[in-house]
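The structure that follows is given in the form of C-alpha cells.
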Amino acid sequence: MPQITPQTKGVFVIAATPFAPDGALDMASIDRMIDFYRDAGADGVTILGVMGEAPKLTPEESLSVIRATLTRAGNMPVIVGVSAPGLAAIRDLGLRAMDMGAAGVMVAPPGSLRTNEQIIGYYGHVVEALGPDVPLCLQDFPLVTGVTISPATLGAIFEAHPSVVMLKHEDWPGLSKITTLRKAEAAGRRRVSILCGNGGMFLPEEIRRGADGAMTGFAYPEMMVQVCRLSAAGDHDRAQDVFDAYLPLVRYEQQQGVGLAARKYTLARRGIIASDTQRKPGQALSSEAVAELDFLIRRQERRLAELG
Amino acid sequence: MPQITPQTKGVFVIAATPFAPDGALDMASIDRMIDFYRDAGADGVTILGVMGEAPKLTPEESLSVIRATLTRAGNMPVIVGVSAPGLAAIRDLGLRAMDMGAAGVMVAPPGSLRTNEQIIGYYGHVVEALGPDVPLCLQDFPLVTGVTISPATLGAIFEAHPSVVMLKHEDWPGLSKITTLRKAEAAGRRRVSILCGNGGMFLPEEIRRGADGAMTGFAYPEMMVQVCRLSAAGDHDRAQDVFDAYLPLVRYEQQQGVGLAARKYTLARRGIIASDTQRKPGQALSSEAVAELDFLIRRQERRLAELG
Amino acid sequence: MPQITPQTKGVFVIAATPFAPDGALDMASIDRMIDFYRDAGADGVTILGVMGEAPKLTPEESLSVIRATLTRAGNMPVIVGVSAPGLAAIRDLGLRAMDMGAAGVMVAPPGSLRTNEQIIGYYGHVVEALGPDVPLCLQDFPLVTGVTISPATLGAIFEAHPSVVMLKHEDWPGLSKITTLRKAEAAGRRRVSILCGNGGMFLPEEIRRGADGAMTGFAYPEMMVQVCRLSAAGDHDRAQDVFDAYLPLVRYEQQQGVGLAARKYTLARRGIIASDTQRKPGQALSSEAVAELDFLIRRQERRLAELG
Amino acid sequence: MPQITPQTKGVFVIAATPFAPDGALDMASIDRMIDFYRDAGADGVTILGVMGEAPKLTPEESLSVIRATLTRAGNMPVIVGVSAPGLAAIRDLGLRAMDMGAAGVMVAPPGSLRTNEQIIGYYGHVVEALGPDVPLCLQDFPLVTGVTISPATLGAIFEAHPSVVMLKHEDWPGLSKITTLRKAEAAGRRRVSILCGNGGMFLPEEIRRGADGAMTGFAYPEMMVQVCRLSAAGDHDRAQDVFDAYLPLVRYEQQQGVGLAARKYTLARRGIIASDTQRKPGQALSSEAVAELDFLIRRQERRLAELG
C-alpha cells in the first residue's frame, strides 16, 4: 500500500462525506466520487477532515467510510483525518486506519494549545501514541483550530519526529511561512511535503513559494491538477489563467460553513454525488446562494471555453 | 432506575477516572470510590466530565467505566458526560448510557458557538438527537468551553426543551446568574435543578442564592454534604465555618490541570483510589506541590479537629 | 457639513495613513490621496479604522489626521473610526471629530463581549457617551474583533438607537446576514445603510443581496465604483466582469497584515502616496511578495485593456 | 525618585481609581488612599492597571491621576500601567509618567499575540519605543489578556532587555512558573523581581516558590504585608493563619468584574475612598452581594480578633 513521504507531491482532494436524503451514508456516491477524483488527475484523497462532516459520524460509521474509500481507491493513497479530543481516540482510529491500508493520518492541534512548547509537546504525545511508523500529516489551520504555529515550532516538530512527513498548510496569510520553511530546508533541515489547503485561494503563489501541491476540497479538482502541472512546467502565466477562471467560484466555496453546502451542491450538480444532503447541524443553501452559484458556474464554463 | 428531575437536590460528586500505574483502567478503584462517595453522603455521581480524563478513553473504555459505575452505584443516580465534537457521538453514547441505567446525560457546548441563537440552536439539535425522554444536564462552564451563556439564553433553552432538567452551573463570576434564574422561576418559568461546580469555591453563597447543591469533584465530598445540610437548616454561620476550614484546599484543587493531579493525589492519600496516575497528556505533581498539599491537608485536619 | 444617514449609498474608501520613510506623518500624501479618492468616484472616506494604523498614532497625531482629511475632503463625507478600550476616549475623540466636521463616527465592539445582551448593552453605552445626535456606524468584523453579532442583535441595536445609521458589514461568511437584515426592514424595521468591507471580496453578491455599497481600502477604488454603478444599473454580468478582472489582486490585498503592506505598496506604485512606510510593528513586503504583486498588477492591466 | 529594579521586594498595591458619585475624578480620595496604603505598610503603588478603570479615563484624566498619585506618594515608588493598543500611546504616556517621577511602567501584551516569537517581538518593540532606560514591569495575566507566555518566552525577553526588571505574575495556575523562573536564575540567568497578582489567592505558596511579594488590589493590604513579612521570617504556619483568615474575602474579591465593585465597596466601607462609584460600564453590587460581603467582613473581623 502506498504511504505518504516527505517527497509526496501533487493534489490530494479532501473528499466530502456523501449522505442520502434521509441522512444515511451513501456508499455508492463514495465510489463514484473516488473514481471521479482519480479521473480528474488527483494524486490522492484525504477523508474525515475536521472541516468536513467527520464529527457527525459514529465511530462505526467512520470505519465504514475508511473501508469503502480504501477499497475503491486501490493504489491511490488515502490520508485519514483522526483529530480527536484525546490521544486514545487518535491512537485507536489511527492504527485501525493504517491496518486497513491508509497512506497516513492527519492530526490538527486541539484549540486549548497556546505556547510553542505546548504545541511541540502535543505532537510528541501524538507520535508516541501512534508509534514511530505511522506517517503523519500535521494540519496547520489557525482560522479553525485557533492555534497559531510559528515556523520555528513546526521546525522543532519536524526535527524531533521523522514520522511527521507532511504539512497541510492552511495558515492565512501563510505565503511567507512556506518560504521560511523551504529556506530552513535549504540550510540543512530534512524535507517535509507541503500541501496547501484554504480552498486553493493562493495555489499559484503557494506553488511558486515551494509548496508541493494542494490538499483541499474545491469541487473542480481539475483546476488544481492543471495549476500544479502548468506551474511545475514553469508556465506561470497559463497556470494563473486557469486559476483566475475558477477564482470567483474558489472564493465562493471557501466561505466557512456555507462553502461546504456550496461544494456539495456543485458536486451533486456535476452528478458526482447523488445528493447534497448534510447531516445536522448543517447549513442549507438559500435560494439566493443557489442563484449566485449557478451564475458563477455559468460564467466559469464560458470563460474556460474561451481559454480553450 | 432513578433519573434526574427539575427537583433534584444535593451533592453529585464528579468522579475521577482511576488508572493503574501502567495506564490501564483500575476497576477496583472505581468500586471503592463509588462506595466512598455514597458513604460520604453524596446524592449522586457524575462521570466522564470534560474536565476529567474522559477524552483519554477509547469508546470501548468509556462504556466499561459507565457499566462499572452504574453496577456499583445501584440506586444512587449517575449522570454521564457525553459532550463530543458531533451529534452522532452524543446520541450514540447518550442512548447507550441511558439503556444501561444512567440518571441523565450532561452536555457542554462546543467552543465554536458564539451568539445566543447559535447556543439555543445547538441544544435544540442535542435534544432532537437524544430524543425528548433523556434527562439532560446543561454544563455552563465558560472558562473551559469559551462559550458564555446569558441567563436569557438559558431561559430560552429551558422553555423550549422540558428534558433539560438540570444546570451544572460553573460560570464565573456566576452568583448573580443563579439569582436571575430563580427570579425568572418565581415569575412563572418552570423550575430547573441547579447544581454548582467550580470546585466548590462559592458553595455557601451559591446555596443562599438558590442553588440546589454541588456538582464538583473536591476530594473531600463530606465538606459539600455538610455545607449543603447546614445551609438547608439555615445555619449559615456553621456552614461557612465548615467551608472555611476546607477553603485553602478547595482553592488549591481548583487550579486547572494541576488541580486534577492534586485531587487524584489526595484521593490516593486517603486510600480511595489505588494510584494517582493520569494518562497522557497529564500533569505530574512536582515535589513543591506535594509539599504544599501535605501542608494544607495537615492544617485542615487540625482545624477540623478544633471545629469539633 | 454632510452627515451619514440611513440612506447613504456608494463607496467609502478606507484611507491608509501615509508616513514618510522616517515614520513622520506625511500630510502632503494625505492631500494627494483624498484628491485621488474623489477623482476615482468615491462617495466618501473613512479614516482611523482599526485595521489601519490608527493605534500607532498619538492622540495629537490622530487629531492632525482628522483635521487634514476634513480640510481636503471639503464636502465629501468623512467617517472617523473612534474605537477605543474605553468610553471616555470614544466620547472624547468622537465629539472632537464631529466638531471638526466629520460625517459620523465608527465603533467596533471590544473583544471581551460575548452574549447578545453584552453587545446590545455596549452600544447603548456608546450612544449614551456620544449623545443621540452623533451618526454612528457599527463595524461588524468578527474575524478581527472576535465578536460575533447575530442579525437579531443588530436589529435590537438599530431599534433602540436611531443614531446608529450605518452598518459596516464585514462578517464572513456574511451574505445571508445582509438578506436577513433587509427582510426585517421589508417587514417594517427602519432602514440602515449597509456598506461592505472584507476587502471587497464579495462585492457583487453583497450588492445583489441589498447592500448599499462598499467601505474598504482596496487600492483600486475605481473597481468598487464601477461594480456599484453597473450593479445599480442592473448589468450584473458586466459588473462581475470588472470585478473578476481585479479579483486576483483583491484576494491578495485581503490577507491580514501583509495585505496592508500590499495596499500601501500599490498606492505608492500608483504615485498616490509618497512612501509605503508602515510604523512599527509593521510587516515589510518580502521580495517574493513584491514579485507576486507586480505579476498580478501586470496581468490586471492587460485584462482591463481587453475588457475595454 | 525611586525606581523599580530586579531587587524590588514587598507589596505594591494596585490602586483603585476613585470617582465622585457624579463620575468626576475624586482627587481627595486619591490622597487618602495613598496615605492609607503607606500606613498599611505597602512598599509601593501601581496605578492605571488594565483591570482597574484606566480605560475609562481620557488622556488628560490619566495624566491628572498620575500627577496626583506621584505628588502624594513622595518617595514611595509608583508604577504606572501604560498598556494601550499601539506603541505610540505606550511611548507617549510612558515617557510622560517617567518625567513626572514614576518608578517604572507596566505593559500587558495585546490579545492578538499568539506564538512565542510574536510575544518576544512585541516586547522588543515596547522596549525600543520607551528606550532602554525606562524600568519595565511585564504583566503576565492570560485569563484577561488571552495571551499565554511560557517560561522560556519570559526568559528570552529578560535576556534580551535588561530594562525589563519586573514580572507581574498572574498566570493561573502559575506556581510552577515561579519555580521554573527561579531555577533558571539559579542556573545563571539575571534576576528579575516577581510580584504576584490574581487577587492574592496563592500568596503564601507564591512566596515559598520564590516570589518577591504581591502586586494586587485586595482591600486589606495589611494582609499581604503581614503574609510577606511572616513568610520572610520563615513563619509559614503563622503566615498561612493570617492568610486563611482573609481568604473567604480574597476569594470573593477575586471575581472578575463584581470583584472590583466589592473592592470599592470595602474601601468605601473602611472610609478610605468617599464613594464606591464606578464609571460606565460598571457593575453595581446587588443587595445579595452586599449582604454576602457584610457577612464575610464580620466573620473576618471576628477571626482576626481570635488570631490576636
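Just so it is clear, A, B, C and D label the chains in written order, and each chain counts residues from 1 on its own.
Just so it is clear, a contact is a pair of C-beta atoms (placed from the backbone, for glycine too) under 8 Å apart; a residue touches a chain by one contact, two chains touch by 3 or more.
What you see is a predicted model; the values in this text were computed from it and never measured.
Asks: Over half of the interface residue numbers used by both chain A and chain B, so same, or under half, so different?
Replies: The interface is built from the same residue numbers on each side, given that over half of them are used by both copies.
Asks: Quick check: more C-beta contact pairs in A-D or C-D?
Replies: Here the pair linked by more C-beta pairs in contact is C-D.
Asks: Tell me, please, which chain's centre (mean of its C-alpha atoms) is farthest from the centre of chain B?
Replies: C
Asks: Roughly how far is chain B from chain D, centre to centre by C-alpha average, rounded to an integer in Å?
Replies: A distance of 33 Å separates the two centres.
Asks: Taking each chain's centre as its mean C-alpha position, how far apart are chain C and chain D in Å?
Replies: The separation of the two C-alpha centroids amounts to 38 Å.
Asks: Could you give the separation in Å between the centres of chain A and chain D, each centre being the mean of its C-alpha atoms?
Replies: Centre separation, chain A to chain D: 47 Å.
Asks: Of all the residues in chain C, which ones touch at least 2 other chains?
Replies: none
Asks: Which positions of chain A touch chain B when the two form their complex?
Replies: Chain A residues touching chain B: 54-59, 61, 84-89, 92, 111, 121-122, 125, 128-129, 146, 279-281.
Asks: Enumerate the contact residues on chain B facing chain D in the complex.
Replies: Those in contact with chain D are residues 172-173, 175-176, 179, 201-202, 205, 208-209, 236-237, 240, 243-244, 247-248, 251-252, 255-259, 286, 288-289, 292, 295, 299.
Asks: Can you list the residues on chain C that touch chain B in the complex?
Replies: That would be residues 114-118, 142, 147-150, 152-153 of chain C.
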